[in-house]
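See below for the structure under consideration.
Just so it is clear, A, B, C and D label the chains in written order, and each chain counts residues from 1 on its own.
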Amino acid sequence: MTSKLIAIVAGVGPGTGASIARKFAATYPVVLLARKPESYESLANEINQSGGKAIGVSADVADSASVKNAVEVIKKEFGADVGAAAAIYNASGGFLRKPFLEIPEEVFSTSLDTSAKGGFNFSQATLPLLLKGVEQKSQHPPSLIFTGATASVKSNAQMASFATGKWALRALSQSLAREFGPQGVHVAHAIIDGVIDIPRTKEWLKDLGPEYKLSPDGIANDYWWLHTQPVTNFTWEIDLRPAVEKW
Amino acid sequence: MTSKLIAIVAGVGPGTGASIARKFAATYPVVLLARKPESYESLANEINQSGGKAIGVSADVADSASVKNAVEVIKKEFGADVGAAAAIYNASGGFLRKPFLEIPEEVFSTSLDTSAKGGFNFSQATLPLLLKGVEQKSQHPPSLIFTGATASVKSNAQMASFATGKWALRALSQSLAREFGPQGVHVAHAIIDGVIDIPRTKEWLKDLGPEYKLSPDGIANDYWWLHTQPVTNFTWEIDLRPAVEKW
Amino acid sequence: MTSKLIAIVAGVGPGTGASIARKFAATYPVVLLARKPESYESLANEINQSGGKAIGVSADVADSASVKNAVEVIKKEFGADVGAAAAIYNASGGFLRKPFLEIPEEVFSTSLDTSAKGGFNFSQATLPLLLKGVEQKSQHPPSLIFTGATASVKSNAQMASFATGKWALRALSQSLAREFGPQGVHVAHAIIDGVIDIPRTKEWLKDLGPEYKLSPDGIANDYWWLHTQPVTNFTWEIDLRPAVEKW
Amino acid sequence: MTSKLIAIVAGVGPGTGASIARKFAATYPVVLLARKPESYESLANEINQSGGKAIGVSADVADSASVKNAVEVIKKEFGADVGAAAAIYNASGGFLRKPFLEIPEEVFSTSLDTSAKGGFNFSQATLPLLLKGVEQKSQHPPSLIFTGATASVKSNAQMASFATGKWALRALSQSLAREFGPQGVHVAHAIIDGVIDIPRTKEWLKDLGPEYKLSPDGIANDYWWLHTQPVTNFTWEIDLRPAVEKW
């Protein structure tokens, strides 16, 4: 692995973010962003010990100062001129299925802030690095990929606190795709329509069989595929779901 | 006008909000919400002098305490048990068409907060009154109507700060429509796709002719039409544009 | 009723088409199109006896010659120069919910032809009359309204034979709205999302209560509302469903 | 190449269809469908001479008898029990940009029939082979992929004759994805949003530069990527456009 360009993954935990980080770490040094060190430490160790390079940085994406600080740490580590080949926004607001009138304002705000403001902060912080990746002639078009959900396109009853942020994030990704595509940056959005097979969902749908859950490694492969599309064939949006999913 | 039910209009200025308020004031006492008294004072006077009833309340919809205070003022005026026949959210985040990397965080946040958090605050404050309107057997199903824009369904380059909030507001309206429709409240969303003919846009498209702008009184009629749909025939969403508009 | 302009309704039976015809007959002479006289005869009588004017014409909308013949009949009755204030396409392809591999080709073709080719034939036949309505300064913008369904925007398993035609019809209406709006004709599309309360569905959802079905008279009111929108405020699409409908 | 499963490509010419056929021919024997032998002969020769296997079959997809005959030819060549790993519908209706009232009925019908009825005929003919591919445990989930266009989701003025068929084809693909996904067949739809760089479009956008056209080999790679998605991670729809495309 000799790339000077890096990949940045926000929202790393023991699930999809880790799969994405491992996939991109096969080609790029990766930066792992999460609120707490316990979310990225073992993954960073794993990648570093298996021949890749990874650093973890504690950051709250909803807080612009925290995101700016993370960029400073990245520049200290990789040089002030570092370019990025990929930036992946996998953070997500919380999820409280409850009658609307019982949703506390803080729950709504926190979810919206993580999805929408977090997406804004992350994009403003990483797009300059992705544009440098364009200048530095990255092999694949530098890519900014957002993780969406069923709730990015359908806003169900009692799901307003989650869906508002997800719709906002999808709007952000569409606007950025239109603005930065002509500048050589590939902005994409993935609608994950189903339960992902990660530690947190271990007990979910257990009786139905493993084919009822999305593979996080499969998602990582799909993001890698998006990343390797040439500049003539950019996909803005894909949906992803298990074959057996009802939709 | 003998209705004990009221109509509440947020985002009242010299434009669409005023047209909506006048239309609903023909049937209901109306409450006019705006940040500053100069936005509602002359309109309230006009309605009161022409045989209707209107009160203005200063409120910042993005601030939940301010919205809650407005409800207290309403209850003082109309009784603690007051029900609402209509609540119309016509407030909107700002609009700064600029390269994404030049958008200040405050601009993004303010626009998002006005559209998304404002919509949340207004809905949490007015839905209890609309549900009382159902109990009190309002003639037409109590209605919660949101004003959207082209940017509610299309997120163009350099428009992220406006579109994120508008997509979020549309998501909010869809979720509420699904949750509160079965409880008898009609939640609707109007995509205003074009320039509205209001004082602020007087100089816009001037050379093209008046048919290039939406009529604010026409919009008010459309909202009234939505309000009068029976419980068997609810429309969640309409689009509205001049016949000559390119889309 | 002194209008020289007429309204034309295709797909008249004992249900929605009849409600629409009655509504528009209060203002315009109406032409009722159906494949068989028994579908329009009693309705024409009813309208004529209650002070309106109606004629029925037998026509198969999927057959362009049959539609052209209907226009000849109309011109014989109302004059070669007759203009139309409204043309409403309420015909619909059939509905066979079955595994895709068991759908006979004829079923697919007939459904597609009724929705898509029928819509094409009807539009080509009536748009010249609607454009004459514009010339003759109709009070409300001449309107071409299409009846859609849930299957116009969602194509469920085993519903391909119905949905293909409905999606095609929606595409037709959108293209026509964009082409003929600037010429003064209002083209609209209504997504009827639920069961309509008509004789054929009398037994459906019976145990749930009347609020579970759309009112056909309500739909007719909604079409009339679309028709009366001014040229500055055209709606292309509305959705309509019972408040209690799950969606 | 030892696969007993085949790939079938409809709509083979000197453009996208040829790229797709070459890509899939690296793994599967391919069947090339086109109306006329000159559309597939040199491609079949090329594939056969470079170590692959290809046969061409003359077929008009809009004619169900012709498609059924093609299946008979396939079974004669590959055995009555042959299974398919992939079936790709790349045929498309014609394109006549003209005022709606000047579109001849035959143009509308032919375009609709090629897209919608052709898609129906092709799907009914190939799905039994794809289901056999499931039984025969194909390495990748057997895939039915449809080529769409900008006009699959947007129906512009003067484009009704093309868009109706494309919307219908998209509806078909969505319904089939929902019905056959749970049976192990991956149904997908690609929105090609831009000009493809093929012989027919050689002169188009010439002055702008090669990055203004989609690469047909790139599209073939994208279809192959769709084909290799595991059963837990199916994408129904992707969009594809040049980075510089306005949308």
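Criterion: a residue touches a chain if its C-beta (ideal position, glycine included) is under 8 Å from a C-beta of that chain, and two chains touch if they have at least 3 such contacts.
None of these values were measured; they are calculated from a predicted model.
Q: Give the chains in contact with both chain A and chain D, ordered by label.
A: none
Q: Let me spell it out: compute each chain's centre from its C-alpha atoms, then which one is farthest from chain B's centre?
A: D
Q: Find the geometric centre of each of chain A and chain C from their Cα atoms only, then give the gap between the two centres in Å, rounded to an integer.
A: A distance of 46 Å separates the two centres.
Q: Which integer distance in Å separates the CA centroid of chain C from that of chain D?
A: About 34 Å, centre to centre.
Q: Could you list the positions in chain B whose residues touch two or more of the other chains?
A: Chain B, residues with two or more chain partners: 178.
Q: Graph shape for the chains shown, where an edge means the two chains touch. Line, ring, star, complete, or other?
A: ring
Q: Taking all chains into account, which pairs touch?
A: Taking the chains two at a time, the touching pairs are A-B, A-D, B-C, C-D.
Q: Once bound in the complex, which stretches of chain B touch chain C?
A: Those residues of chain B that touch chain C are 141, 178, 181-182, 184, 186, 197, 210-211, 213-215, 218-219, 221-222, 225, 229-247.
Q: In their shared complex, at which residues does chain A touch chain B?
A: Per the stated touch rule, the residues are 64, 99-101, 103, 105, 108-109, 112, 116-117, 120-121, 123-124, 127-128, 151, 154-160, 163-172, 174-176, 178-180.
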